[in-house]
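Structures follow.
The following pair of complexes shares a single chain, subunit A, combined with subunit B in the former and subunit C in the latter.
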Partner chain A sequence: MSNSFHIVVCGGIVPDPLQTLEPVIGPNGPALKNELLLPHVLDPWAAHALYEAAHLAKAHAGSKVWLVSLASKAKLQQVMMTVAQRVPLELVAVDGPSGGFTDSFEVAAALAGAIEAIPGLDRTRLLLLGGWESASRAAGATMQMVGERLGITEQFQGVDELTVGEDGSLRILERVEGGQHQVSVCSGPPAVLGWATGNLPEPANSPQIGMQNMRLILPALQKAKAAQVGAGCTFANVALPKQQRETRMVKDTPVEEIAREIVEWIVAE
Partner chain B sequence: MSETILLLAHTEADGSLSRLALETLAAAKSLGGALVVGLIGGDVQTAADSIAGCGAARFLSVAGEAFAESRYSTDAAAAEALVKAAQATIVIAPQTSRFARCMAGVAQRLGGRIDTHVTAIAEGPQITRWYYRQRMEAVIERAQRPWFLLVESGIAEPYPSRDREGAVAVEMLPVEVSSRTRVLGRQAPKAEQQTIRPDAKLLFVAGAGWTKKQADGAAHIDDAARLILGFLAATGASLGSSKSLVDLSGEGQAVLPFLSHMNQVGQTGSTPRHPKGLSTCCHGEEPHVVGWRFIRERRVINLDANCGWARGKADVLYVADAFAVMERVNALLAETAT
Partner chain C sequence: MEVDIVCVGFGPATGGFLHTIAPKLAEMETPPTVICYERADGLAFGVSGVATRARGIRASFPELDPAQIPMAAPIREENLLYLLDPTGASRRSVPVRMLDGIAGIARDNHAVELPWIPGFLRKDGGLVLSIGQFNQWVSEQLMMTGAVQVWPGMPVAEPLIEKGAVVGVRLADQNGEPGMDIRAALTVVADGPVGPVGRRLDEHFGVPPDFERNDWAVGSKMVVELPSDCPLAPGTVYHTIGFPEPDIFGFFYVHPGNLASVGIFVPSWFDSPVRTSYRYLQHYMMHPFLWQYLKGGKLRSWGAKSLQESGRRGEPWLVGNGYARIGEGSGSTNVLSGSGVDEAWTTGVQLGESVLELMPEKAPYTSENLKRTYVRRRREGWLDQESRVAENARNGFQRGFLTGLIGMGLAGVTRGRVTVHANSRASQDRVQPVERYFGGRIPAAEIARIDKQCRTDGVPLHDRLMDRVGWPKIPFDGELLVSHQDALLIGGKVQGAAGFGDHVRFVDHELCELCRRRICLEMCSGEAIAPAKDGGAPVFDREKCVHCGACLWNCDNIQFAAGGGGLHSAEN
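Entry: the complex of A and B
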């Protein structure tokens, strides 16, 4: 039996994890210092979701992948120069703040509105994918809210594996406590899947895919609608953790001595 | 404003409440206001009786076979009914995988707002949570109600529950549910598989350096695997890895075969809570170290004296060859065992 899906991936952009981040309080609440100057990447868990979406679409003829992203158009265009070379996709851009100090409720409203406006989207075949948490707000709340707004009540979070059965059912492994997975079977789409890391490697860059994607990405960026997204709360304080340890350096010391010290430390209560 | 606080908890497989649920109950009591307990599970009477003296004005529950399993559609329907029945302004629940899956959806249904991974609650109420994957900490207040809070472990001393602390009259709420999802069960890693073990006293993190060329110009993957697995067998430590090492395995390179994304600690991995952590062959850059935020005692073996760990991120940095040190550590552990 042939199963094809309309796969919508929600993915924001975040500062490159290697950057030093520092909060500042501005007139509109907290933000990152020099945020617009920081190099950005596609949110790592959302990127895993995108790779899984592309893998799924490739395996099921007739499937299609959309990437819905809320970010400033200029930063999103920079990130898409790389992402677009990885997997075939159609971008749906929403122009707005991508930082962590926004409220998931308001972000979900903007994303759901953009998804509802996708022409030709068959919501009976919809798989709504994203990262189970972002690397910015890290709340793990937005995907559920988008799903609710779209009327999807079969939802899964911390997904590491999705297998499509011959009958179109979805066998899903979700991360739960104790390093275990919960195994569930959903009868089929529509469903929300918030991905953890999954098992797929990062796809290699393909200039050919990049050329195809960019023909649609640039117009999508131009027609991105602005979204009003705020903090939704009052920040009494935002600060870097103050804890700084006094690191004791042990060098030019015999291996035997180091090993003994480590073992004593390990076995001590 | 006088708040109505709803403590939401789900029962464990044996019908009890988890330690985290009891910590959450203690946190809920600290907020003041009228306390209502809402329980979800297959059979909740034992759990309710164990906290009979907690001071709740009402005990509500949604129970039955459909609610014994952790599943979005049934859990969301149950939580929605409980919040409505309690007329709660603040809903506080433990940050378990079960509630993390559904509670944001419930907040959406009820026009509320949610904050997750809450690590502290103060008068106001004000809550503390991390942003940018444990890289900065914020204190927040909200006017919007209902306000949903999912709290992390360690937020309070657990409420001292007792078997049959009292006999509670639990108000059962009828909830009709239909779901297209069947839960088949839980899948544990294979017995020989090394994973994150939340209950271990020690976290051992393997960095990408284990797979790099050594002083003789060759990589020693087999030696690395033998040393790491030997150490884990001797100590029962939890095994974590840096993202770079996991990515190498994802790319199909011949690297440590027992590592997967499940082991990943840091920016896009887990943030485990162990009393001690030993990092080896990991450079200690910020994306790795954010996963160590809740590791109390940190020691590191690395060849580079200027690595990230040296900048106030570890208690002790051993500037040494991890291959040589771990060989001796394993030998000493074997001697200690005999």
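Entry: the complex of A and C
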């Protein structure tokens, strides 16, 4: 039987995690300092989901991948210049804030609305993928709410592996405590999979995929609708975590040395 | 894959080219396919604060509102400072010490503001820019036309040359797979002064008879968030000479948003074999004049880049069958005014206008057609006329700092008619062995001991030698004064993109073993080149490389190929 899927990946964009980020209170509420100046990337959690989606689509002829992204159009365009070289996809852009200072409920509503409006989407073959968490907000709730709004009851979070059986069933490994996986099997789509890191590397850049995608990306950006996000909640305060990153780059440090330093740090704390 | 026009590298020159042609292409029913590949993983990778007259840029954007470009501001105040040495460690010749003595009479915070800036240096009516933000701003507009495609994260390895013509480019290998060939009617080469495509063209087609590229510099800069009480207004510009070493020039440009670009240029005629730009930049920032504004500031980004300082003398063949060269790699930098971005942009505009002239004629991109359009425009424009004036302006620096200043002054005042004559030598031919440079300051036996210890520790010599001759320790504060390695992370994103091989290779390892200068690792902007503990060729760590290319022009024994990654910080 045909096991083709309609795979929708929800993926926002975030300032590159290697940049120095600092929250500030702006005229429209909390924001990141100089946010518009910072380079952005596809949320790393969602990026794993996208690579898994591409792999799945390649392995199952007739499948298709949509990337639904709620972000500022200008920044999304920059990110697409890189992402669109890696994975064949159709972009569904929703114009709105992506800095993490939003309410998951509103974000989920905007994403679900955009997904429902995708022409030709077969909901019986729908696999809804996204990040289990987000680099900008680790609530881990958005994908669950998007799935609920779309009426999808088979939901899996912290996914590391998906295997499609010959009968179309989905065998899913979810992370649980103790470095172990919970193994679940469901009969097939529709399903929500919130990905952890997965197992796939970042795909290589492909000029052909880039050119193919770009034909649809610009129109998608141009017709992106503004999302009603950000009015529903207020933030009393934002602050940097107390513990700051202390980075050293030392090659070939023995494991024992690393362990010793960690113990010293814990004791000092 | 086949396209109509392929561009190599996205900087101001390609920005000018694409900005010129994109609106016309967007009007066409079946526009040609125009694609640009950029090595860095984002289009805001550019490393420079810029103070520019912006004549070419303003001509392309007649209604330009600087407020639309992040970090851009009109220049409102321009100053030229002579910085005295507050540390006593700077290596100053007797004439320079005499100059210090005279200047010291009128000093303020160990600095003397010159009452007058020569016209050839002034940037009247110009702009302060962040080149990274400017590039990003341009790219956003280009992409929204839908007429051209710009792809970052895709290094180009080499040109495709068939029967004496360039027929496209070959992308870098990825994941062990050969790079794809992109065939094009026109290849626009704008990969800068150390780009592999431009260098391969020079090797294959040769260079003009008077071609010479001995003069280089590493520009190292930071974007700093100034203290909230800093009184400097956006658009304030300081050009500096005299410190940390007389040969090292510096700049301090104030952007909107309480940000500033602060940087230095370490030139190839600076004879020290331990010419680390990063530590010198920190000493520069801590000069009392600058520190009064920077103290309490915060590092937001850092970066380094090679600058081709031979200007028009480094102009290669601009065109050939199937290709044209634009930007800094085409010798467009004006070494008298110290201006390169606007000039690079203008070369792109000139090529864009030429392509638009040839398209309706359906004329092929032959050497002849490109000469009658692009080269003609270039020769007739202000850029070329001014670069001829500047051509020999910096000759004097081959003979010393003061002779260099005199030479620049003479060239500027006489519009290039009078210049200082000097035999130009490549960096590796003139830089001195460590023992000679520090002769009289550190005994040779002690240098040998320090050298041995540095090899054992796998670190360059420069920090320990600078400590030894009296440069004060940098008081790291974790905010603005951070270690070189922390700057790689705090100041941006340095990474060796997955799937690409090492782009720096040492050709003859025995030669490396014998080398007494090892400028490659002393000048490495990212500490990506380190001494091997067991001798032999240095060790290259591409995860730290910022692709500045300094190793390339400091040593003939290095291969510098196309590679992915490198520094990426949007605020550069």
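Definition applied: the second predicted complex is superposed on the first by the 237 of 269 C-alpha atoms of A that agree within 3 Å, B and C clash if a C-alpha of one lies under 4 Å from a C-alpha of the other, contacts with A are read in each partner's own complex, and residues count from 1 in each chain.
Definition applied: a residue touches a chain if its C-beta (ideal position, glycine included) is under 8 Å from a C-beta of that chain, and two chains touch if they have at least 3 such contacts.
All of these numbers come straight from a predicted model, not from anything done at the bench.
**Student:** Considering only touches as defined above, state whether A:Trp45 meets subunit B (first), subunit C (second), both or neither.
**Tutor:** In the superposition, A:Trp45 touches subunit B alone.
**Student:** Quick one: subunit B or subunit C, who's touching more of subunit A?
**Tutor:** Greater contact footprint in residues on subunit A: B.
**Student:** A:Gln77 contacts which: subunit B (first), subunit C (second), both, neither?
**Tutor:** After superposing on A, A:Gln77 lies in contact with subunit C but is clear of subunit B.
**Student:** Of the partners subunit B and subunit C, which touch A:Met211 in the superposed model: first, second, both, neither?
**Tutor:** Second partner only, subunit C.
**Student:** Touch check for A:Lys251: first (subunit B), second (subunit C), both, or neither?
**Tutor:** Both partners, subunit B and subunit C.
**Student:** Once the shared chain is lined up, is A:Pro201 touching subunit B (first), subunit C (second), both, or neither of them?
**Tutor:** both
**Student:** Could you look at A:Leu36 and tell me whether it touches subunit B, subunit C, both or neither (first, second, both, neither)?
**Tutor:** It touches subunit C, and subunit B stays clear.
**Student:** What is the shared patch of subunit A, the residues that subunit B and subunit C both contact?
**Tutor:** 18, 20, 201-202, 247-249, 251
**Student:** Which residues of subunit A touch subunit B in the complex?
**Tutor:** By the definition above, subunit A touches subunit B via 14-15, 17-18, 20-21, 23, 30, 44-45, 100-101, 103-105, 108, 135-145, 147-149, 153-158, 160, 173-188, 196-202, 232-241, 244-253, 255-256, 258-260, 262-263, 265-267.
**Student:** Can you name the residues of subunit C that touch subunit A in the complex?
**Tutor:** 1, 33, 35, 37, 41-44, 70-71, 133, 136, 139-140, 143-144, 146, 149-154, 171, 174-175, 177, 180, 182, 257, 259, 300, 485-486, 488-490, 492-493, 495, 498-499, 541, 544, 568-571
**Student:** Sort out for me which residues of subunit B touch subunit A in the complex.
**Tutor:** The touching residues are 70-73, 76, 96-98, 100-105, 107-109, 113-117, 126, 130-144, 179-189, 195-198, 202, 235, 246-247, 250-252, 260-262, 264, 267-269, 276, 278, 285-287, 293, 297-299, 301, 305, 309-321, 324-325, 328-329, 331-333, 336.
**Student:** Sort out for me which residues of subunit A touch subunit C in the complex.
**Tutor:** These residues of subunit A touch subunit C: 16, 18-20, 34, 36-39, 74, 77-78, 81-82, 85, 201-202, 204-205, 207-208, 210-211, 214, 218, 221, 247-249, 251.
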